[in-house]
Amino acid sequence: MSLIFEHFNHWVVVILMMIGLYIVITANNLVKKVVGLNIFQSAVFLMYITMGKVVGGTAPILAEGVTQYSNPLPHVLILTAIVVGVATTAVGLSLVLRIKSAYGTIEENEFQNKEDVI
Amino acid sequence: MDSVLAASGLGILIVMAIALARAMVAPTVYDRILGVNMFGTKTVLFIATIGFIMGRPDFLDIAIVYALINFIGMVAVLRFFEYTSESN
Amino acid sequence: MTVLIDLILLAMLVITAFRIIYIKDLFSVVMLFGIYSFLCAALFVTLDAVDVAFTEASVGAGISTVLMLSTIAITGRKEKLSLHSHTFATLIVLLTGGALIYGTFDMPLFGLADNPVHEHVAPRYIETSPTEIGLPNMVTSVLASYRGFDTFGETVVVFAAAIGVFSLLGVRGKPTELLAQEQGLTQHKVLRVVAKISIPLIILFALYVQFHGDFGPGGGFQAGVIAAAAFILYALTFSLRKAVGVVSPRFVKYLAPVGVLLYASVGLVSMLNGANFLDYNVLAADPVDGQHYGIIIIELGVGITVFSVMLGIFYAFAGQVEKANVQ
Amino acid sequence: MFEQHLAVLPVLLPLIAAPLVVLINKPRAAWLLSTLFVGACVYISFGLVSATMDGGALRYALGGWEPPWGIEMRVDSANAFVLLTVSVIATLVLLFAKESIASEVAHKQLPLFYSAYLLCLAGLSGILITGDAFNLFVFLEISSLATYTLVSLAADRRCLTAAFRYLVMGTIGATFILIGVGMLYMKTGTLNMLDLAERIQAVESHRTINTGLAFIMVGVSIKLALFPLHMWLPAAYSFAPSAVTAFLAGTATKVAIYVMLRFVFTIFGAGYVFEQMNMEIIVLVLALAGIFQCSFVATTQSNIKTLLAYSSVAQVGYIILGVSLVSLTGLTASLLHIFNHALMKAALFMAVGAVFYRMGSVQIIAFQGLGRRMPWTMSAFTIAGLSIIGVPLTVGFISKWYLVTAALEQGNWLVAFLVLVASLFAVVYIGKVIEAAYFKEPSEDADATKIKEVPVSMLIPMWLLVLANIYFGIDTSLTVSAATAGAEALLNGSSLVGGVQ
Amino acid sequence: MSALDYLSAALLLLGFIFSLSGAIGLFRFPDFFTRIHASSVTDSSGAVCIILGLALQTNFDLVTVKLLFILFFLLLTGPTGSHALAKSARHGGLLTIPECQEKAKDGVS
């Protein structure tokens, strides 16, 4: 029982990553591909944060009478990764808008010739 | 006292789950927006309770940000929803 | 007890992600994605990652959802069914998932204090950073000083996103270009009054978050996003034309480079004082004061960059919505 | 003051120039400023190569915190050599871009183009020099975001779908690298590359480290377009503006190959990656498959830029082939081919860009009869084409020579034979273009008045590259010594993991 | 457990009951407008009870001020959001049950 219980966070990270990747590959609409990409990345953020948590420790902000803190380094890395994820989403969505105005559609099966298919 | 706090945290979590169910299975789009709005306000309360459960009540800034983003999200949904219904 | 709360949150997260796969109405997908971000942020709070929850809530749920909504306003709500079979996709997904599960076997158990992660580098950040840098918030001291170059790289990533969006969508220069006839949520009188009351509060809160980042959760990124969210709220309830009149896109487009250069200038000053790039100890006579000056200025640089970039990106998207709506 | 900061300046200068260019917002001044800053980068990378030639390493602790705690920049002969390649190509493409981009991108967007160009260069040089695994991910994102913007600036609408596909594949690749680095950090507790290499020795047999290696290799393979994961490259290179294609072909995949070398040889150690995980068989097979499949597809293309893009994927296969031979000469051949291929491919894409500048199309029909009308451009194309084939007196021959000797050293006759056979494909697809240019009459609709030589400012960088192609084909002392020093730095970097330089 | 703790426990319980009733109302009520009524009323009242319950836990310092600010903000924006949603639904042409029945009668006759 302890194996499942201890690793529950890791199972959820794996499932979310698989869902995110599945959406990115099978989504027919480009906006949904971007949503899938975000879900895929958020799974990685969850992996880093569960890595840094110490059971019985509180948040890494100094408070009197507290000795055990969680590890601040994964939090710093994930702060960077979240902003990188939003930056990629913004550029991806503006590309989707330009594709809509250039092709008139953002559905993958409606692109005519093969080389346009995403 | 902390067992009462934990119980109320769990209670709010259950209400959040019901609101989430409403947001997922919704006859009309307005019901979905309603579910999301209720989910948002309940999360604000949940974060406040979690702050107290974990003994670090000075984290209420996050609850404030939640309330903010929930309101702005609500306005954005209403605003762009009128556009999408016109555009197709 | 908190473990039970963790489990329920994780379960809700997975259910929402599953539901997103099968929904075809994009409007609902974006709404569920908003809930997904909120759940992620709530989970981060229970896992003691307070700054990350702050950022995920404000950036993930705030900006991403608004951008996706404005994209859907132009590209339509219904997703067409894709014809080709999904066996190839499921194959790849199962392969990656299998590799990941194989990787979790030797992973250190969750939450143990003697995991390798907490042993080598982390103790210095926890014990000596309050004395060496003098900030109670260890995340801000690691973010701004120990790994300050990472944050500089991150500010440049935000700037690169702004360059990308401006070159793709083009920010409208003069306010007059925007069509005058378009009105905000005109008939929602109550909403406009409440927005008028809450916008100053939001901006005040953004400034609090900006300068409170050393002591509690908060910092440059979160403050920049919340300030941008205040102006986005103004643009949504009152018309975009009014919002552009308040903060013009040209000003926003030139403010982003200024923020990045402000950050870089702190590094250059420490270089001119003979230390390495971004070494704040030389900024003042006493090293700890130098750290304080350095961190406050770079947080300001980050705040300015993120505010101008997020607002500029919103203007670019809202401009497209106006253009598409007029045709 | 200048020598102390030598290691961080190649990253810092473009990073500071990018916002300045947006502030100036005038195309001429923007071009001038960028050329000034990139020229300074070339000068600095020359200084770095000479400083690290003797096998030493320059270390620069950022923020004043010593390495495992703070982020450090570490320049040894391997990344100094690749940095030199990237800076030289960036400067020459910038000279070429002055005229070529003005005709392809809207006037108002030129400052944004130069800013994205500088950000891409800053990201690439940041990836090369950084000594911190997570910092490498941040710079990877900077260069990727800038590349998506650059690709999407072209007039042709297909560049948008190409940029979107590149964005999706690139982000998945970067996230795979993030997962891999996360797994390594989980087991070792540190992010500094040398510290990581040292602490991985203890936990090497654990399954998490194996999975971390697998994820990093897959993520990097997407970025360097190794055979099965290369689908994004042909569309991105053929529909991007011609100056952008010349820049990306010369640098982007090369830097990703450097990242693979750094992870395989310095962090994991060649012993672990190749003996225990016998990765070299997989990489060898993929490289050979890539060489043959892409060379064959290249021969069937009518769009010359797509033809050269497939040829790029094949040449990347050659470089990875050198790496999979796991010997000093093999690694030297790879580093050598990184430099040589950058010279060849940048010259070829510049020539095609010049034809596009005059003819407005890159189809093979537009090339007909250009031998007489655009003599300088087409002769540059021919010489660079011969260099791709591997004709003696050109750099291509040197790379193939070292590759074949490395294969023969290990008695691997089959690989040596396959490398030579693949050159036949190169003869076919280069010959196709040369035959159209010199032995065919121009098609009627091309009005003769418009076709004349491109302005000199575009010819100078092209011919500088072609002359370099020939010079380094004859006097190989400079390039081979630098490549060997780099190979030694990587190889004994992995065996000498204990002693932190 | 001092008297204050009992009071705050009672308030928390009351808040939970309000929220739960709102959530159940979300599913049980027939049409949209009754559902929105259920959810918005219980949102505000639940929030008031729970936040006051929490405020009793603190010994009146910065945390209490933050809690009261959250309460003020929730009371300001919650009802407005629901009002705007109902107005937009009305504007979007959603009919209440009596109106549907009339339309059904007109349609049939």
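As written, the chain order gives the labels A, B, C, D and E, with residue 1 at the start of each chain.
In this section, a contact is a pair of C-beta atoms (placed from the backbone, for glycine too) under 8 Å apart; a residue touches a chain by one contact, two chains touch by 3 or more.
This is a predicted model, so every value here is computed, not measured.
Student: Chains touching chain A and chain C alike, please list them.
Tutor: Correct list: B, D.
Student: Which chain lies the greatest distance away from chain E when centres are computed from Cα atoms alone?
Tutor: Computed centres place D farthest from chain E.
Student: If you take the mean of the Cα atoms for each chain, which one ends up farthest from chain B?
Tutor: Max centre-to-centre separation from chain B belongs to D.
Student: As a quick test, compute the distance in whole Å between the mean CA positions of chain D and chain E.
Tutor: Centre separation, chain D to chain E: 59 Å.
Student: Between chain B and chain D, what distance separates the C-alpha centroids? Give it in angstrom.
Tutor: Roughly 48 Å, centre to centre.
Student: Distance from the CA centroid of chain A to that of chain D, rounded to the nearest Å?
Tutor: Centre-to-centre distance between chain A and chain D: 29 Å.
Student: Using Cα averages as centroids, what's the distance between chain B and chain E in whole Å?
Tutor: Here chain B and chain E have centroids separated by 11 Å.
Student: Indicate the residues of chain B shared as contacts by at least two other chains.
Tutor: 33, 54, 58-59, 61, 64, 68, 71, 75, 78, 81
Student: Residues touching two or more other chains, restricted to chain A: which are they?
Tutor: 17, 21, 30, 51, 58-59, 61, 63, 73, 77, 80, 84, 87-88, 91, 95-96, 98
Student: Listing for chain C: what residues touch at least two other chains?
Tutor: In chain C, 48, 50, 72, 74, 100, 104, 107, 115, 117-118, 121-122, 125, 147, 150, 153-154, 157, 160-161, 164, 168, 185, 188, 191, 198, 216-217 touch at least two other chains.
Student: If I apply the definition of touch given earlier, which pairs of chains qualify?
Tutor: The list of touching pairs comes to A-B, A-C, A-D, B-C, B-E, C-D, C-E.
Student: Going by the contact rule set out above, which residues of chain A touch chain C in the complex?
Tutor: Its residues touching chain C are 5-23, 25-32, 34-35, 38-39, 42, 45-46, 49-63, 68-80, 82-91, 93-98, 100, 106-110.
Student: State the interface residues of chain A toward chain D in the complex, per the touch definition above.
Tutor: These residues of chain A touch chain D: 17, 21, 24, 30, 33, 37, 40-41, 44, 47-48, 51, 73, 77, 80-81, 84, 87-88, 91-92, 95-96, 98-99, 102-103, 111, 115-118.
Student: Which stretch or stretches of chain B touch chain E in the complex?
Tutor: 1, 4-5, 8, 11-12, 14-15, 18-19, 21-22, 28, 30-31, 33-35, 37-38, 41-42, 44-45, 48-49, 52, 57-58, 60-61, 63-64, 67-68, 70-71, 74-75, 78, 81-82, 85
Student: Quick check: in the complex, which residue numbers of chain B touch chain C?
Tutor: Counting only chain B, the residues touching chain C are 3, 6, 9-10, 13, 16-17, 20, 23-24, 26, 29, 32-33, 36, 39-40, 43, 46-47, 50-51, 53-54, 58-59, 61-62, 64-66, 68-69, 71-73, 75-81, 83-84, 86-88.
Student: Residue numbers of chain E touching chain B in their complex, please.
Tutor: Touch residues, chain E against chain B: 1, 5, 8-9, 12-13, 15-16, 19-20, 22-24, 26-27, 32, 35-36, 39, 43, 46-47, 50-51, 53-54, 57-58, 62-63, 66-67, 69-70, 73-74, 77-78, 80-82, 84-85, 88-89, 91-92, 94.
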